[in-house]
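Look at the two complexes coming up: chain A is in both, with chain B in one and chain C in the other.
The block that comes next holds the complex of A and B.
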């Protein structure tokens, strides 16, 4: 590849983006970026049992559930196009890092999927602007000769790539999202972004909350502060990982948020980041608000999961009832 | 004439049924403990038959509550007024028997739980996550392997003062360890006592981790019958465990109380279809829904060729 010499890639004019992991970071619209360069973007379908089954055959057994599902997205996309874009996010800000599986994703996929395909990637380290810009430039050069398009795409990246996901409206940043309290109250759901967005990964937990008369807000609604700061609440050093920091800040926000009655933390077996956070939460959250940690993987039985969620919600409903009788 | 609330707990190892006197929350008129043997429907039919034979009539039932791993299935079939998870049911029963309870240790067939209560309210709970080494089925299997009736398992453990140390992290490893220890000359008694300690260690490491265990501590579930386990817990925790009467049907008792609550709340007559319903032939089938790529596994119940219930879907279209 390089310098637009790959005829196949250039001819197809289509680039596939798997919908998993970094896709949900939401910090930048790759679709528009590639459109400027003259390419149409194809996405993979919603995750389903089939996606997982396809991915599980190729992913190593030590991979976490979300990575296995990502493999499935790659496999299904390869039926549409042989050009895949898998960005290599290493860091979202200076001093913190993405999880090792996300960092190694492009190489991991390229070396374990038997089918031949064109891997497009670029290392993105938002703490190192020049370095990242250089990588984006070489990515753009692989896709077109046209210097005008390249420079426009580069400008687009410079202006639009953001350090943090910032879909949250300005007014909500401090007081928390505007909310409907539900019949029984509001629950905070904490998880990595890809887990919150993908209902295969979160096993439809949020819908269940609704069935029991609870409304919910997710950790996405509690962004990190503008400048990297230690979450003072937990009285400890900020974790080394971007995603971990997001989660820690979200939980801090939820603990201080009077409307939130309980917190559910969804995590996956084998997640090194969450393993540390879980210990902190078990230690420090339980005393203050009802807390439920759910560790999921592809073997998670619906029955056991529902028993836990039901019991957790019952605990809050019955507590309220008891308080009512006491008055 | 007496009237009753029925509580049913259909678990993996046992199916329990209680009749709670409608006037007195403390009075259990019947408490049945029946081995499920992998057939929840059969064991419930057997239980209902016993109640009918004793002269209880469906007309005297004011409400029915169901809990246990087969609660949804059974609840659909018999017409339950309350279908609740085991944790809530056990907590409610514990409070009923022992209002000042602060910790509940419950070890059932398939899972083990710890419930933390303060002032009659559940404030925290935990369940075993990945492994069955801390549950009743594990003991059941090992008792079978050692050729000891499960009822005598606890006594065996009491006959020795020197339990051998057995790896309790995983049932497969535990079994390897047991065989090894047997070959090294350990007695059956020492092995049984070692297993009890392994189960308790496993429970405390997995389920009770990070929980503040305060007295009074109630020990309930079928495994509470096992004196060896009780002793191992007391040794490890340094507290006395209270074993409530009816410890083995606490889940059923809790669901009877929950049924009573549900009936009082809605003020409607019970949905119970009668003890006779179990005499009809319910045909159960697992079917895969092919309507979308999620391929949910559904449970379908047919009576006389007619589908009476279907559930297990993520989207909810079959449950209506």
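The block that comes next holds the complex of A and C.
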């Protein structure tokens, strides 16, 4: 360890990053970071049914669906390289935590996959800057001896690893009259980041909304302003999970947003955080807007799911008095 | 308005907590013992995927409130990574939604506890408060002594049920004891009482350690009275966690000591380091570390209990097979929820203990 003496790593010069869970938390590019250190980054491919099938064999039966898919990404990457980088995100701001499964992810993967591989990891706690920097430094020192590269990589990390911007940039602002409302209206989709971006995890729900003439806004478009006092979170104490705060904040924003006709909440079976979150906002959302809560897992059949979504959308169309699908 | 306090049963620990709240000047409403009805109430009100401890404690609280309580003493704080830190807010919401508006009192070894008690009882002095806490601590230690003794004696007893009866007797006595001198006498009595139980020292027993989620380790209802079942089957059980540890575990000073001195927890973290490098919430890291510590102490196996959908323990349970292989410890990971059937659960336990017994005493025929 240290000073680039990790021979095997130096020989291969390729680092694999699985595309799942914490990958979607990165708001800057690890690829560039590793390039500065002199390594090429290989990402795993888009998730597919095979990815899941491969992961399901290794993951514990009680793990949630996204974790099982993550295992699949790891397995497919291990065919290309034996160096894996899995960042250990523990907290995205002071006083909050990620989900325990994300916190334990690097060790979980290391200790459950039978194949031997080099695990590169760094504990990232964006609430504790110095601590995080120290971890990044020791990660960089494992990879190269060159102090110039190390210092450049550290500077890169320091500049780019900031938490969500305190103000939403104008271009990304969704609230406003000019946005695309679709033929039938705008729907808010609330879910964890990885679920929104991975089409295997969200089972193509977003595409289906488009086919039906609805535009959608996802919870990602409601980044949390930095001041923790801002939203009331439904008059409850803010939950101590980053994901939880994001979701509550987004739901609250969507409720206030007059353009949004209905809200779809996507969660996974066994997700401990969402079980509590849904309880917090469900009754208030149901009072104000059409709401569909979907709990997905690996057994969710596409047909059944689509029937539910179609029923929900049909109901909304009828409510508006535009019975276009009846004929 | 007179504040009447209720609190989750938490196994038999209510004996100790009842005393604590009484001494602090509250009127105490002890909820009825945890039963299927308690669980049914919990299942009805709690979110479907909430963990078993949440459902059971919620049921306890509702039953307590129905008996007239208007304040809820919640053990555990608002810090941590797992869902326990958000329990109090969930209680508040669910209870209010269902027509039980109550206040909450967080019981923990922190300043906030004193401040909120002071608000209810302005005449209470800090000195009295500290004395109450000290008395509570003494009682807690005696309580855990009773529990430990009964576990250590049960597999050896000749007349089945002796230690259970003895435990019940001493718990009732403990409930009535108030002052320190009597407690001291009781301690002697407990040691002598358990020593007087006729035992068969020659019996071939096995020693198992119990690790896992905290609530399941203290509550006998949720583990379907596993303690007695295993004890009667010739298994000496040892819990890795107790309330006293949980209570002081949140102290900064204790955590500091654990980091730098070779205390028990320091050992646990050291062994767990290879598998889980940092706290992941709940007792996930401890479950892994304690299992190895049990092995080092010469235990024959480990049972790992966790409620369904418990986030930290699911991580631990995935890592446990690797620990088991690396250290040669037989570990049985059991996930419990409200649907766990007694017969199926006991079959698994029996199979596990039989396997260990055969391995430990290869040439001895079953005596029963």
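Rule of thumb we're sticking to: the second predicted complex is superposed on the first by the 302 of 327 C-alpha atoms of A that agree within 3 Å, B and C clash if a C-alpha of one lies under 4 Å from a C-alpha of the other, contacts with A are read in each partner's own complex, and residues count from 1 in each chain.
Just so we're on the same page, contacts are C-beta pairs under 8 Å (C-beta built on N, C-alpha and C of every residue); 3 or more make two chains touch, one makes a residue touch a chain.
Note that the coordinates shown come from a computational prediction; the quantities given were computed from them, not determined experimentally.
If you put the two complexes together on chain A, you find that chain B and chain C both fit without a clash.
When the shared chain is aligned, chain B and chain C each come close enough to touch A:283. Of the two partner chains placed by the overlay, only chain B lies in contact with A:318; chain C stays clear of it. By the touch criterion defined above, A:112 lies against chain C but remains apart from chain B after alignment on the C-alpha atoms of chain A.
After overlaying the two complexes on the shared chain, residue contacts for A:123 are found with chain C alone; chain B is out of touch. Taking the C-alpha centre of chain A as the vertex, the lines to the centres of chain B and chain C open to an angle of 80 degrees, rounded to the nearest 10. Within the superposed three-chain model, A:307 lies in touch with chain B and out of touch with chain C [touch as defined at top].
Look at A:270: by the touch rule set out above, it reaches chain C but stays clear of chain B. Contact with chain C, but none with chain B, is seen for A:101 once the two complexes are overlaid on the shared chain. Using the contact criterion defined above for the overlaid structures, shared-chain residue A:240 touches chain C, although it does not reach chain B.
Measuring only between alpha carbons, the smallest separation of chain B from chain C in this overlay is 6 Å. Once both structures are placed on chain A, chain A residues 269, 283 are touched by chain B and, in the other complex, by chain C. Listed in rising order, the residues of chain A touching chain C in the complex are 59-60, 62-63, 88, 90, 97, 99-101, 103-104, 107-108, 111-112, 123, 236-237, 239-240, 269-276, 278-280, 283.
Those residues of chain A that touch chain B in the complex are listed here as 45, 48-51, 199-200, 204, 207, 269, 282-283, 286, 290-291, 295, 302-304, 306-308, 310-312, 314-315, 318-319, 322. Listing the residues of chain B that touch chain A in their complex gives 69, 84-88, 111, 120-125, 127, 129-130, 209-210, 292-295, 312, 314. Within the complex formed with chain A, the residues of chain C that make contact are 47-51, 78-83, 85-86, 89-90, 93-94, 97, 275-278, 280-282, 284, 308-312, 314-315, 317-319, 321-322, 335.
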